[in-house]
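So, here's a batch of structures to check.
Next come two complexes, and both contain subunit A; in the first it sits with subunit B, in the second with subunit C.
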Partner chain A sequence: MPADQPSVADTVRSLVTQRLNLNGYSQDLRPDDNLWSLGMTSLTCLGLMLSIEDTFEIELPEEALKESTFRSINTISAAVESSRK
Partner chain B sequence: MSNPTMRSSDLVFAAGAKRPTKADVVIIGNGALGMFLADELVERQVGSVVVVGPSHRDTGASQAAGAMLGCFGETTTESLRTNAARTRFELGISAHDKWPETLRRLDEFAPSDRPLQTTTESHIILNSVGAELDTVNFAAIIDALDQYDKPWKEIDPTDIPGYNPRPESRALRAIHLPTEGAVDARGVLASLERRLRHGGAILLDQTVRRLVGSDEEVTAVELDDGHLIEAGTVVVAAGIHSESLVRTVFDVPDLMPTFPGLGFAMIAKRTGGEPFTSVVRTPNRGFACGLHVVPQGGGLEYYGATNRLVHTISSVTWMADVRFLAQYSMQQLDERAATHEVTKWCSGNRPVTLDGFPLVGWMPLSGLYLMTGTYRDGFHCAPLLAEHVANELQGKSGIIDSIFQPIRKPVATRTVESSIDEYVTHSLAAWFETGAQAAPQMTTSQLTDYYRNMAVQTYEQLGVDYALGPDILWYAQGNLHGARRVARYLRTFKGDGDVDQPTGATTGTGGTR
Partner chain C sequence: MQDSRRSARTAGARTLVDLLERRFRDRPAATAIRTSARSWTYAELDRLSARLARRLVADDAGPIVGLIARHCPAALIGIVAILRSGAACLPMSPDDPPLRNRGVLDDVGCTRVLATAPVDWLPDAQLIDVTGPQTGHDSPDSPAATELPSPRPLDLAYALTTSGSTGRPKIVGVPHEGLLNLIIASFEDIDLIRTDDVMLWTTALTVDSTMHDCLMPLCFGACVAIADGGDLPANRILRTVRALGVTALEVPAAVLGPYGTSLLPRLAAAGVRLVITGGSQLDGPDLGSNDSLVVHNGYGPTEASVAATWYPCDASTPQWVPIGRPIRNVRTYVLDEELNPVPAGDTGQMYLAGAGLARGYLGHPGRTAASFLPDPFAERPGERMYATGDNVRLQPDGNYVYAGRIDDQIKISGYRVEIGEVEHNLRACRGVVDAAALLREDTPGGAAIVAYLVGERRPDELLTSQLGSWLPAPMIPRVYVWLDEMPLNRAGKIDRRALAKMLDPALPHPTSPA
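Here is the complex of A and B:
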């Protein structure tokens, strides 16, 4: 990956921060933090899913469309990486 | 459309073959739409007709239908608000006029002594269980009856034969519709089978795996065991399975999605008390068709029905739906129903399009015709649609409006703001209908705020500006699969002049944001 290209995890972090309105918290957001505990709802998860797919130009498999996929930056990044293979 | 008529062909059944390898018309789907179309084609002697569909009709809407021949009883505040909705409403009126002749045709093929038409009249009740939506839809029914100069009369609810609700759920108003009855859906389907066999059509108790053809035409269907049937024309009338079948040969992003409207009803044998002699029903209710009882003949009564849009096609029944239907039939229709004997559990999937309008017409691929998306009135409209489709297959003029063409942008009938209002009204109605309890200090206006907030947020998260019907909005907010299907489809129109406003389908107070 070129040095100036953000990693999947960085891009996911940016989308999570934006969609969940965590701007004041983003510095402390750890890759394994539970996003549902940080205020994500079924509706904001919906918007996050769409923005993840749009940004990475992927379509997550049907079986990935569940709460646990969107639990943390790590789980989302793993789903993105898996869909890109 | 590229295929204005059925191809003239010299296709014939292979001599001596148990199953045909060729046919002039192959109809996929043996529900009301497919069977009535086959009947019309056989009547017109257009050539060889093969109908493919499993005899159990599992997951189909027709085998589970209450089959009320009601257009005015189904009226809502939306029915006549826009030209597009009015066009659809008038489709129902035209269909209603075809049923007497339809029943005369089928009568001699009836499978039993029980009459196919089980009643010729309806009573609409207004009780206080269904919240404000019941009230406004009850008024809309009366307005529509007056607009179309149809007979009706306000009566004392206690005069309705068989009607015996619990006192706390009793109706305070009721009207009698002397010309809206019902048929025995399962009896009609059985009669059609017998009539079709008698007329020489082939009914295959199988399913179709895929359509066969190229980017330009469809030439055959492949059955689940690999058997191929060449076809002059393929008509896909497979209800909720239609979209996926079409996509086996024609996969484009702007093909309108169709969602399963899973519904539950039950048929019970009356064990005592005065029987119902008419359809007795509430107006259409929150996200659904209202509570109703339909006489079936032979001491049987049909109690229906629930409706929920789901992601997966199935014939499952939710315990919540059983509870809902059993409890509220006893409370709101006849308390004696508690001891009736359930003889059949009916579960089926209505084909619900994203814009709520049917999909009927030629597809861009030569030789492929689609008829589906009829939601909750497919059975009632089937004889009329059969005449229309038979005309089109023969190269004659159709008899229904062109707004139902299957390849179209979604018909717009409301603004996003009115969509949100409608969603809130339906949600509140559903809240009270299902017996949900709020804390004593919680008011209806607080519930309203909650549902409004949900709807506003759903639009924000979906990022769409097409105004959805309340059932589709509920579905999209309820699961990620649904949200993705709705959003992806609507986003295909971004930057393309937004959604369609077909000729003759102006939006009244509607439009898009």
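Here is the complex of A and C:
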């Protein structure tokens, strides 16, 4: 990946911010904040998953489709990294 | 030719039980229900449901039989059995508060309940058997000699609980006539089901779409696919579609609107030909741009048998998707406050009449009379029309367009909520003096009910747990805002506009971790 491209974590952060209505909170959002506690619902989680798959042009594997994968920016980034390998 | 062949399948049927019986006879070896673990043929569904139905008849189970279940084959076998016994099915969620479910059973005088798993608060609930005898003979203990009754068109087929603005839920009783009319129209007129379809059951048992989505395929010899349990079922939808060979499914408008552009091409690539949607206003771009997949948007309250109008999306479909035209035998009127028709194209309240009207709210003739009015436009005197509370307007092309509510009923993730019921229960919480609730699209995490409270401040967790003993989860506010006083408008009523501006929705709510 060229150096001027955003990191996986940065891209995930921007998708999370956008999909979960967290715009005003974005700068305070920490990589391990629990997104379910911040109000993510199964519906917004579906939207987040679809936008992650579209953006990174991946399909998350069956075993990644669970609540714990979408818990935080860190866990999502890890799932993206491992399905790009 | 095609049409006459299609109508031959339904001719002479009085209720959907007649159609089911025909399929049991002419398609015994076809797959009726499929999961990843196993499948059930029509012959097996016939045997299992007949056995349970005979038991209900022999026990004199009563006119309404409860069903507490999640998505699983047993639930579907239970629905079919209850209908074949001549009773109406009263579906209930095991996740709803026991207090609420018990109140519903008491309100309708229901004493017999089937379940797919043991129910803590109702040890008498009878568990549904999904294996049964492997031969064609009933086990010796079942009353095989009991004749199954044939339900009549005006007998109730199901009863469903909906939110009530006065603080208590309403139970809508729906006769067979309307459901059969919709199922026939779905097959003969709008191509919502084909005999070779595999329809995935996605809706909650307690919404009326389930009656359409699950029973319609079985009436025409098609297959109902049921996903395995587990967390995040929505995220698994593509995997499920591929694994079970699904060709048709319902996706709620709350999902399809925002995520359709990502979801539809993937569903089409996985072999889906039809997406049924509804439950709330469908609002999203490019929903009619797939060549191999069509989206049908259905509109209708529970009080009018699932869906009274349908709209097929095409390449010219606008983002605010129309709700379409009435199905056969359904009449639509757009009326002003004096019940006069508005000029074509003007906005007015939608009234529905003809086949499909519910009997009313069980046990509440007064509430029923307030919403089911005499129909002054009927050809036959004495018919009724249902006041939907929805504003609509008629487009020149003959399709209706939804134009908002006349009251403060809201839809959250497709779940119908009377704000009045939420506010009534908020006021009953300890410490709360006054309360108002609003649907806010801009809260962190996505759309949520926001409660504005005046009184003695208490932690959110206490409010949530107190409300949780009365209200289903979708009706519980996710954000609580305490105020020193409730803003009032000049008329002395709660100023909802002021409330809507009050919370900075970009801030995480107080229960989020520090």
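Going forward, the second predicted complex is superposed on the first by the 84 of 85 C-alpha atoms of A that agree within 3 Å, B and C clash if a C-alpha of one lies under 4 Å from a C-alpha of the other, contacts with A are read in each partner's own complex, and residues count from 1 in each chain.
Just so we're on the same page, contacts are C-beta pairs under 8 Å (C-beta built on N, C-alpha and C of every residue); 3 or more make two chains touch, one makes a residue touch a chain.
Computed from a predicted structure; not experimentally measured.
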When both partners are placed on the shared chain, which of subunit B and subunit C touches more of subunit A: C
Which of subunit B and subunit C A:V80 touches, first, second, both or neither: neither
Touched partner set for A:K66, first subunit B, second subunit C, both or neither: both
Partner chain(s) touched by A:G24 [first = subunit B, second = subunit C, both, neither]: second
Contacts of A:V16 with subunit B and subunit C, given as first, second, both or neither: neither
Subunit B versus subunit C as contact partner of A:V8, first or second or both or neither: neither
First, second, both or neither for A:I52, with subunit B first and subunit C second: neither
Touched partner set for A:D33, first subunit B, second subunit C, both or neither: second
Subunit B and subunit C contact sites that coincide on subunit A, given as residue numbers: 42-47, 49-50, 53, 62, 65-66
Residue numbers on subunit A that touch subunit C, as the complex places them: 20-25, 33-35, 37-47, 49-51, 53-54, 62, 65-67, 70
Interface residues, subunit A side, partner subunit B - complex: 42-47, 49-50, 53, 62, 65-66
In the complex, subunit B residues that touch subunit A: 454, 457-458, 460-463, 477, 479-481, 483-484, 487
Interface residues, subunit C side, partner subunit A - complex: 230-236, 239, 254-255, 258-259, 262-263, 413, 442-446, 448, 478-479, 504-509, 511-513
